[in-house]
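Both complexes shown next keep chain A, but they swap its partner, so chain B is in the first and chain C is in the second.
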Partner chain A sequence: MSTAVSGLTDVAVEAAPPRRAAGRGALGLGLLLGPGLLILAAGLLWPCLTMLQVSLQDRFPDPTGYTLEHYRTILTDAYYLRIIGRTFWLAAVVTLVTAVLGYPVAWYLARSSSRRKHLIFLGIIAPLLVSIIVRTLGWTIILGNEGLVNAVLRGLGLVDEPLKLMQGFWSVVLGMVHILLPFMILSVAAVVGKIDRGVIEAATVLGADPVRAFLRVALPLSVQGLASGSVIVFCLTVGAFVTPVMLGRGQVTVLAVTIHEQMVVLVDWPTGAALAMILTFGTLVVLTAYGLFLRRHARR
Partner chain B sequence: MADLAPPVRPVPASERWLAAYVGLIVLFLALPVLIVVPLAFSSDVSLTFPPRGVSLRWFSNIWARPEFLSAFGLSAAVAVVATAISMVAGVLAAIAFVRHAFPGRDALLMLFMTPLVFPAIVLAAALALVMTPLGLLRSFWGLALAHVVLTLPYILRTAVATLTEIDRSYAEAAHTLGADRWQAFRHVTLPMLRPGLLAGATFALIISFDEFTVSMFLVGPGVMTLPLEMYNYSEFTLDPTLAAISTVLLVLTSIAILVIEKLVGLGKQFGG
Partner chain C sequence: MAASSQPSSDAVGVDLRAVRKWYGPVQAVRDVSLAIRPGEIVSLLGPSGCGKTTTLRMIAGLEHPDAGEIRIGGALVNAVAPWKRNIGMVFQNYALFPHMSVAENVAFGLAMRREGRAAIDAKVAAAMAQVRLAPLADRRPSQLSGGQRQRVALARAIVTRPSVLLLDEPLAALDRKLREQMQVEIKQLQREVGITTVFVTHDQEEALTLSDRIVVMEEGRVVQTGTPSEVYERPRSRFVSDFIGFTNAVRGRVEAVEAGTATVAMGSGQTIRVPAEADIAPAQAVDLVVRPEKVEVDPPEAARPGRTLIAGTLRHSVYTGAVTYHHVDIGGGETLIAMTPNGDGHAGPPALGSPVTLGVRPENMLVFARAG
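Here is the complex of A and B:
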């Protein structure tokens, strides 16, 4: 995971060389980092450790002992396994699609000398400023039975009955890609912008055709950006709730929906906590494998 | 201008195809918004596109429903409080990360950035678990704490990036001239940090205002954020009221962005 995740903080780490050894001692440093650490401890670490504990309790709220029973129940139940598989498959598909769609845009943003670049940049980040509910609602209107696509198709006489575009896995993919594409574009552009133009030109001068120069030189140099973009997109997809619910119309049950159901509706906290831990560990495993894969291929 | 541009390479055709593709992607990104705004002015109850008539009835419907206004108020208050707390904690931490070298710094910075990629549903469930026995569930401060966790990385990231670009010799000069550390920070470093902080704060406010999944576990009757109120409404009623709210939000966000773009250049702050 380290390769993949470190890409996220790369900008900061690279840009912050140690200027000198720790000066005013631990007290000053403690005062500076204290509030942030307190927030992280109270709002992230402690809740997650508590959840791990609850997921292992045999009874809730008054445990008599610890057990792996909740994990065993989930991991031997075909219903849950299907949901886990669907969640990670959705995240993988969304990551792949955003990477493929976003890479050329990032390339353009980072390397084009067009004067319209600034406008394009605003066009990429502006959707991030629009409520997710609004954007999802927009897609339900576009894809719905009475929606834009069906109106156009019926107007052209191509279909008589409205196409049911709104009830499946792919409408959720569409909505998630729409929401997460800007994250991928910005992550890749940050890295592509740093590639020395001369390196690619050198490859061309040395006889590589443009495709080869791209595949052998530019793409490997962009891997860090694709990696950090993929991590963001993957993690945001596995944790998403509103898009799968609104665009899936109850047909696309992902882990987020089940966790919400277990914890809020059924108030079965240990099962909900175990599902959340499985989601976390699953994500870590996928990202670690992905990081190792990229590291191997980046070295070639 | 022209002499600053890199030598023009003879690949205009492929550049033009790329530009056309980028235009399509921008259109794709804008599409749902382009659909929602016209519907807000529809006179029809159904969400069909294009709308059949023009009216402002859905805007007046917002005012007729006090729950939307109180949800807007709560969301705005949570966003402002969470952003303010994140600003203080984030700027202090950024100073530590940029100006100090200490063991484990890179790992710690990564920990601070974790909420950016932490699956929202997991954070939501975990926070609900610890907040329930503390009575923080369905409370303003419970929501605010959750939103601080989520906005802190955005503030920290822009603060670290901006602070890195500020030469520390300015502060040292002030120091040599007799300013104490606080005065040097307050009068020298902080003014130079301001554009970056403003951009980071804008992003944090929007992230908080739009947050859905984590809030979903922490809200309840009487303590409802606007995205949750809109979602609840959409579960039972599908009419253009939500499109009208969205349009109002869009106008408010655009005004805020334009003001900040004029003041500091938001695009610049995000490397554009």
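Here is the complex of A and C:
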């Protein structure tokens, strides 16, 4: 995913002070960068290349040649196309919802007095200390047929039959938003906190009502935070496995689930690998386009 | 009094009546009343925390008064949102929009007023020329020097032809030389545009240089309002005399008061006669206050009649180029500092340790009752 975000990291890097030339000591530099780059290469680059290779083999193990057949099958099969579409749609929706919900919280967090800030900050990161599986299970308890929401609704006599809250796309969105909101908030807060309060006031005095002051000044200055938050949330959602499985109850099949199925259940490695490549490449394309879009609009 | 500025025909006045502002339990502004005339340039001067910035921000609408009235051009604006007040404001750190070019910064207020593209371009070009920024139109604020940013902020504030221009410590971030240059530029610009201007400063020199009138504030109150020379020459309190310019203060005790003249005994036992306000009574502890440049060292015999004369011993002299400061021990542990210009033909200073006579015109010696 490191290359996938190149367009966006450029946006983020612009604000950083120029790096000091390393100058002397190529050996020292190698020692400093080596271990990190080695782990990246061994843990990311090599598996990616292996995966690419497998996805192009006609069968696995014991390939007899290379073929694009698996890609053709996937990209012409409505079943797979639906899953691909659903996966990216889910990621887009979750990213948008976390951005909309997280932005005001980030703004509030960044502008709070330091003491209150610590409390809010703690409240935001505390959920990260609980594993995703536990938090997702919590949602099944709340949303299930015998769960909290249905119990309350039935207790109030508002519904007779339990609402089917759990088997849909939107319960997965809810669970994903819950898990990923802190990443968005912290990314945005880091940038929003550096916005000079004076520029908002300057816009106001110059005749901008609150909406226009937000759209013309506050939002453009927050773009870097929204961009980095979106990258994190989008990537984590696109590759999500546990939450779609647990909150989707088999109804919300996403790429990660299908890949797992192909590789572990059906033991069709080339198709699974091709799906994984499509997931990675698709994410790269989406994020690059998004990065270019934001760059253009940040310049306005 | 505001004769130095030519108010343009559409300049408006700003009136504050008994304005108050609390921040929690702290009263930042206490019953401030001000009448700022159309086209006038007025400074709010005082130490940090005196309420001057809060007062300015209330005129802008960025803070809301808890009590009192604020009028711009006669119209009550207490309930008018800041974006509808038609105000130009220069912030202390300029608050330029970092994501916009210089030209876009200047154009912002016009765009908010939904002016046409052509009108905006023409006005922006004119404003940028006025502050000599035209070649920098496409730069980002981050690529500008402090003085250039200051000019962008000024151009952005005046391009919309606001009814009032507010400046919050406009020069505080600049170095001394640039500050003096910008003082002149701001004053010239203000005269050209003829706009009613209020600026906040803690720098008395800036206030004296730029203002038609100075409003001195202390702990949320207005303690004196007047032209620079009134405030400097006739401060109404110890606070004002200390805050504006350098001053001598000598303790004394009132021995007698008759017909507006007090006889005051100083620590050394010397007595002097000074004009006194009504609040000075016999036996009162007072401060005698006099500016160093009003104190003459060994005035010629012909000039002595009518002067208050104080005997002392010259302790040391500090030469600073244009002027020399003489520190004179006048007994009782008190020192008076006299400032003498170093013009040509001046005799050298008396030898250190020699007795000297100091002369002060009675009207230049101010008496303030001492608190406590």
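Please note the rule applied: the second predicted complex is superposed on the first by the 275 of 300 C-alpha atoms of A that agree within 3 Å, B and C clash if a C-alpha of one lies under 4 Å from a C-alpha of the other, contacts with A are read in each partner's own complex, and residues count from 1 in each chain.
As a convention for this text, contacts are C-beta pairs under 8 Å (C-beta built on N, C-alpha and C of every residue); 3 or more make two chains touch, one makes a residue touch a chain.
Worth saying up front: this structure is predicted, and the values here are computed from it rather than measured.
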Per the contact definition in the header, classify A:Ala289: touching chain B only (first), chain C only (second), both, or neither.
neither
Identify the partner contact of A:Pro47: answer first if only chain B is touched, second if only chain C is, both if each is, neither if none is.
first
Determine, under the contact definition given at the top, whether A:Leu75 touches first (chain B), second (chain C), both, or neither.
neither
A:Ile39 contacts which: chain B (first), chain C (second), both, neither?
first
Tell me which touches more residues of chain A here: chain C or chain B.
B
With both complexes superposed on chain A, which partner does A:Ala203 reach: first (chain B), second (chain C), both or neither?
second
State whether A:Val159 touches chain B only (first), chain C only (second), both chains, or neither.
neither
Which of the two partners, first being chain B and second being chain C, lies in contact with A:Leu266: first, second, both, or neither?
neither
Let me test your reading of the model: by the given contact rule, A:His118 touches which partner, first (chain B), second (chain C), both or neither?
first
Same chain A residues contacting chain B and chain C, which ones?
none
Which residues of chain A touch chain C in the complex?
196, 198-199, 201-209, 212-213, 216-217, 220-221, 298-300
In the complex, the residues of chain A that touch chain B are 5-6, 8-9, 11-13, 15-16, 18-23, 28-29, 31-36, 38-40, 42-44, 46-48, 50-51, 54, 101-102, 104-105, 107-109, 112-114, 116-118, 120-142, 144, 146-148, 151, 178, 181-182, 186, 189-190, 193, 197, 210, 231-232, 235-236, 238-242, 246, 255-256, 259-260, 263-264, 269, 272-273, 276-277, 279-280, 283
Residue set of chain C touching chain A in the complex reads 60-62, 81-89, 91-99, 108-109, 112-113, 156, 160
Counting only contacts in the complex, chain B reaches chain A at residues 5-6, 14-15, 18-19, 21-23, 25-26, 28-36, 39, 46-50, 85, 88-90, 92-93, 95-102, 105-106, 108-123, 125-130, 145-146, 148-149, 152, 156-157, 160-161, 164, 168, 206, 209-210, 212-213, 216-217, 227, 230-231, 234, 242-243, 246, 249-250, 253, 257, 267, 270-272
